[in-house]
């Protein structure tokens, strides 16, 4: 049933501009793969190449081990949600949704329940007669999703499908897409900038950066064991803190590093030598300002407090003037300009060498 | 310098369809107002009416106490980031950014540094010579932001300006927009679906629902004291849990309600009568599964566990088969199907009457 | 059905009606023959005919003009008819000169359907109003120039001049040359006049123009060589130049009473400028598959009294003396005028000139062109004359 | 028809271009003046058609001294075959041409604008090249061709080429417009499993309604007005088109009936005018880029 | 759906295995890549090869002959072309008349058409009526009536002079004066600006309204919007109109034919190139020479057009 997707040294050049630099990737049949990466790193381009909308400049794309580079998009059995929606402006929402089914030769009577079902899921039943022009941004996006999900393709490609939806709807849609994935069992590739989506939906997250893969892995893997500084910084929100540090001493099961002027003992051996400059990484949510809660990192001075209701962000400066973000639970009364002692859980910290590789 | 924006009974009809039902709103000079609301509730329409792009069907729009209904958009001194970007396809990114300045009669030599500065902020310096066609979704969105911020208008309107950016960039842009607001001091109206943006940037959040205002207030106000069930559900992510409950006894400083089959004492007086059906609301982050952590709500059965890295979501069922979401810190090992005892902080819970009003 | 005849001619609906009736008559006498006729206006006729001939799809019977007969015959598009004479094509009572007019290089290619002659159209009302006598057969150009100038000066009608500017009109120029003993072209297709005559011609018209006898150049240039745009029809002049068979049409267009007279004499005693010209022919296509039938039809057309009655003088006065008698009695007053005019030319008429050589069409345009250059003052009469001779010599050399 | 006009008039103008009262008075004044300038010659023609014959050329005024509709009757039956027949012939040819041009040219234009194939630029250049040849010189070879096909004296030579996209003008026109339709719509359709044909039929055509209407208008009017083609290919008067009939009506070496000519010219204008009015309603708002983020 | 998909997919595999050969799959690839394009082009290709190419080639061949339409053509080599280049003063004069016409009529016509199209685009009541009125002159095409109408306007006692008389100017008969007649034809061409106007209208309709919204928020005046948004986004249509109108003007025949009664007068002042060509072909039976003239014209137009296409990439904006 489900289809595997394999990229072999896939490259993309626009004229002289290389945007994808040779990507090797295997997505197993039925897998839910999420592409994440900074804006402009090539996620959409990759999707479009898989869909066949963009010529593959180099390398091969295999679907179910068949080379697909030259196969027409319509023949690949792929459904896609476009980042720009690309709704048919002359068709009503209903027609937009039904179009793919009509194309596939379904009968009117078969199409109607499918479209109705999709419209219900997406909460756009009342809009079925409208043209895209008369829809709000989020409604358009839902139609775009609908257009993909009414069909039962081999592969689904979603390009930031929920970016314009409100939080509640987004959760619902996330659940629906996951459910769809479970029930159809087909392969899905999903681009998102939303951490929660990536973490909750993915079987496998692919982290892209400037047209290269930085790391591929299960969500918690990436969160807990980022292969490098880029992934560490990219996965998790708010972003991981990175502090300049120096190795002081490398022991058997313990390493001492100097960070923020303090000697800190990490309970593991690092692949590093004394004196080496390293980057010390700690996630804001793994920092605490309570006493006796792990190892003290430093006494920091609060620059800014953001109260998010369910959490409080402290933006602080370390004694050696490095930025530090601390995420606290709930609404905390912390004053700007005060000093607090930041401590961390030593099992939760990360260390990267000069090239950014986790050590 | 800064301009006040006043809406008086503003209405919008598309043909027979009412989308804005008479909105009264006052935004003070220099204020940062954030519009939130479900997809399709009329946020963009409202912005477009303020900008003058959409005719105002009823009511009045005052800028600095001057009626503006009939004033041409170009004369209102407004800059706007369109939800659909609306970049000029025939102009390079540079030209897109410079267009407003050129229009305003700035000299080339004045324009260049401004554009360069904006491009730096938005990290699109390298794209200045490209046409919008050759940009990624996020890059386009940044150009759209850039086009607004190079100018110094009386009022900024942002329609979901960061929806297509990755988390890191989004934080940076948020900071930049806040900084811009501080430095220019002009009035800003900002539409977003992002809770964090709304909470951190707003002086005032306006919660819209189907063309009506549900509540206006400071961010934490809305979080802590939602006026009604809709606002309570809309502000905060994940969404507040709503449970069917019944008032058992109303005392002087204490009310006993029955929720999930348990009698629960709330340490305040409710405007309700014994026997009345009410909705009990509690945010996932205010629920806990630890012992002795507030009042016990119920023993719930775990349906689904989502591990987000920094937090863990439990989706559970109460004994009377109501849905309950619990947000836990960090990565928790909770098995599906197990029972846990959920407890809550009674000062943090909300109660709504049948009409949804907070009591 | 043993024969299918195709006919083509230019003309109007009345002509078509008459022609079709003749065809019907012919069919009734020749069962088994079917006839289809096509007709068009003059301007559109020639491209269609040329295309059909070039496509080897020419109609069997083709109405031909004096101008084009050499072009078509010389290029083998028409069938020589002399071998049918006299048994099948009986032109006994035709004017010999008219038969010659339809001959090229000694072969007969066209049977004349009627004769006409160049003529001056006079607006008698305008002359009367100005109190000026009409010109007579004896009037010379010089005299006429004075009369015309007077008429202009009388100014009874706004914007009306004495006469049209005929400097670019080929028939007028030819008439002038013939009166001086020259011609446009020789029988072997060479130029038959010199710089002197041409220059004097242009000079004469320059004087008319200066004296106000004739219309200014820009008004003359409106004349597109048809009845509607003739300055007499437009009310710009009291006299204009035409062909006798057009008289009825001219009169129809004009409220005033018109008359016909000859082209003026160059000198009191000069003569022979006019000639009876075959106004149009019937030719038979050399591509025709039913040659005999076509010739028979043509013969019927020009020799059958019933046909002649049907046709009247619509195509000119019949060449056959017998037929002429048949139709003469049936004309109304206006219809009689051209008939009488041609009959009364007397010494003014001379021999029919040989059919113009190929290139004559271009020659006519050249005359008009240079005449206009002179008229608009771009070229002196002397240079104009020289240019005209050079140009025409060149055109004829090219063929 | 009238319904269409009034509804178009009643449709509210878009907000952005809504004008203030003085501005709209200015606009209308200018437009009306312009209209008069455009119309004078035509009004003159109409008035000439109801004037006494001898007055036609002697007056520049529009108001005839007396009105006389006899020209219409005279013109209508002025030829052996009534003008009704010519109208019908013209109508048949014009309608077929409209269909042929719109269908065949849009097919070719779609290929040129959207499909990738070897030699595309070459063929495009050739196509443009065909636009440049003066038709007078290909007339005879073409005539011979049609003659050999046995098509002369039928409407086939006038109609069949249109179904073979012989009119490069329309191809080029449509190419320019098709290129304005966002490619992402094609791509979306491809993802929906559409073949090139279906994209053309379901996406391209509906979205290019304005240009299709333009092509239809032009095809109709130009065919209606065409004279040379019918002149060469239609020999039998029963098959004459309106223009050919009109021209035959005026014979330059015999008397002509100008009143009748103007009457018939005026009548000739009526169908094209209504065709225009009807089809120009399709020059609707382009919608191709709504429903899209860009 | 999925089922169907798989059968086609596996079907394709089967076919490839069966044939096996590499050359074959290359053929398939070529076929897949090119077939749709050529299928869509098929009607045109049929028309081109069946109806257009033959006659065009024959006319090219005829341009090297002395074809007179009535006799079979005789080969004369490049003689016709040599004559055009060296010994035909009328060629030069016709070319210059035509160039004048092109240079004057095309820009004015386009400017006019665009202007009116803009005025008629939106927000005017009674739009369809105005549109129809402004298109009316073009409806007339090249009918006989035009000649008469134009004379009514531009003759000595025409309407134009009547108007000028109010200013004490006594004008000549513009239409029949060699110094002015060409301008009356230019005026005719400009007057019949309907077709480019309609095309502009259709083009204006395709410009997304949000462009104007963005521009008006950027403070752009109506004029600036026109200049900076409308014009650039309309360039594909402007380009089309410019190219087509130029080609048309080079080939202009009917106006001169009708107005001058086919003579090109006075003094060849309206002897357009194609009118000359027509005279040569159908008046003087020099079809061979006319063909040569035609191909010279094709060459000249082609150079113009190629030049337009080359420059177009610098100023024409395509959205795709």
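A few comments on the model shown:
Letters A, B, C, D and E mark the chains as written, and numbering starts fresh at 1 in each.
Simple rule for what comes next: contacts are C-beta pairs under 8 Å (C-beta built on N, C-alpha and C of every residue); 3 or more make two chains touch, one makes a residue touch a chain.
Source: prediction; values computed, not measured.
Using the contact threshold fixed earlier, the set of chains in contact with both subunit A and subunit E is B, D.
Of the two chain pairs shown, A-D and B-E, the one joined by more C-beta contacts is A-D.
Taking each chain's centre as the average of its CA atoms, subunit B and subunit C sit 93 Å apart.
As a whole-number value, the distance joining the C-alpha centres of subunit C and subunit E reads 40 Å.
Chain centres here are Cα means. That of subunit B falls 55 Å from that of subunit D. Of all residues in subunit B, those that touch two or more other chains are 53, 73, 83-84, 86-87, 89, 137.
In subunit D, the positions touching at least two other chains are 16, 18, 57, 140, 182, 195, 227, 247, 250, 258, 288-290, 292-294.
In subunit E, the residues touching two or more other chains are 33, 69, 157, 208, 210, 213, 216, 282, 287, 319. Touching subunit D in their complex are the following residues of subunit C: 10-17, 20, 36, 38-44, 47-48, 51-52, 54-57, 226-228, 233-235, 246, 248-249, 252-255.
Residue ranges on subunit D touching subunit A, taken from their complex, read 182, 184-185, 187-195, 198, 202-203, 206-207, 287-294. Residue ranges of subunit D in contact with subunit E, taken from their complex: 4-5, 8-9, 13-14, 16-19, 24, 27-28, 30-31, 34-35, 38-42, 44-45, 48, 57, 60, 104-105, 107-108, 110-113, 115-118, 120, 123, 126-134, 136-138, 140-142, 145, 160-161, 163-166, 169, 171-173, 176-177, 179-183, 195-197, 200, 210-211, 213-214, 217-218, 221-222, 225, 227, 243, 246-247, 250, 258, 261-262, 265, 268-269, 272-273, 276-277, 280-281, 283-286, 288-290.
Looking at the complex, you find that subunit A touches subunit B at residues 14, 36-40, 42-45, 83-84, 134-139, 141-142, 159-160, 163-171, 193-196, 199-200, 219-220, 223-224, 233-239, 283, 285, 306-311, 313, 327, 329-331.
Interface residues of subunit C facing subunit E in the complex, by the touch rule stated above, are 43, 46-47, 50-51, 53-54, 71-72, 75-77, 159, 217-222, 224-226, 229, 358-359, 361-362, 365, 368-369, 372-373, 376, 378.
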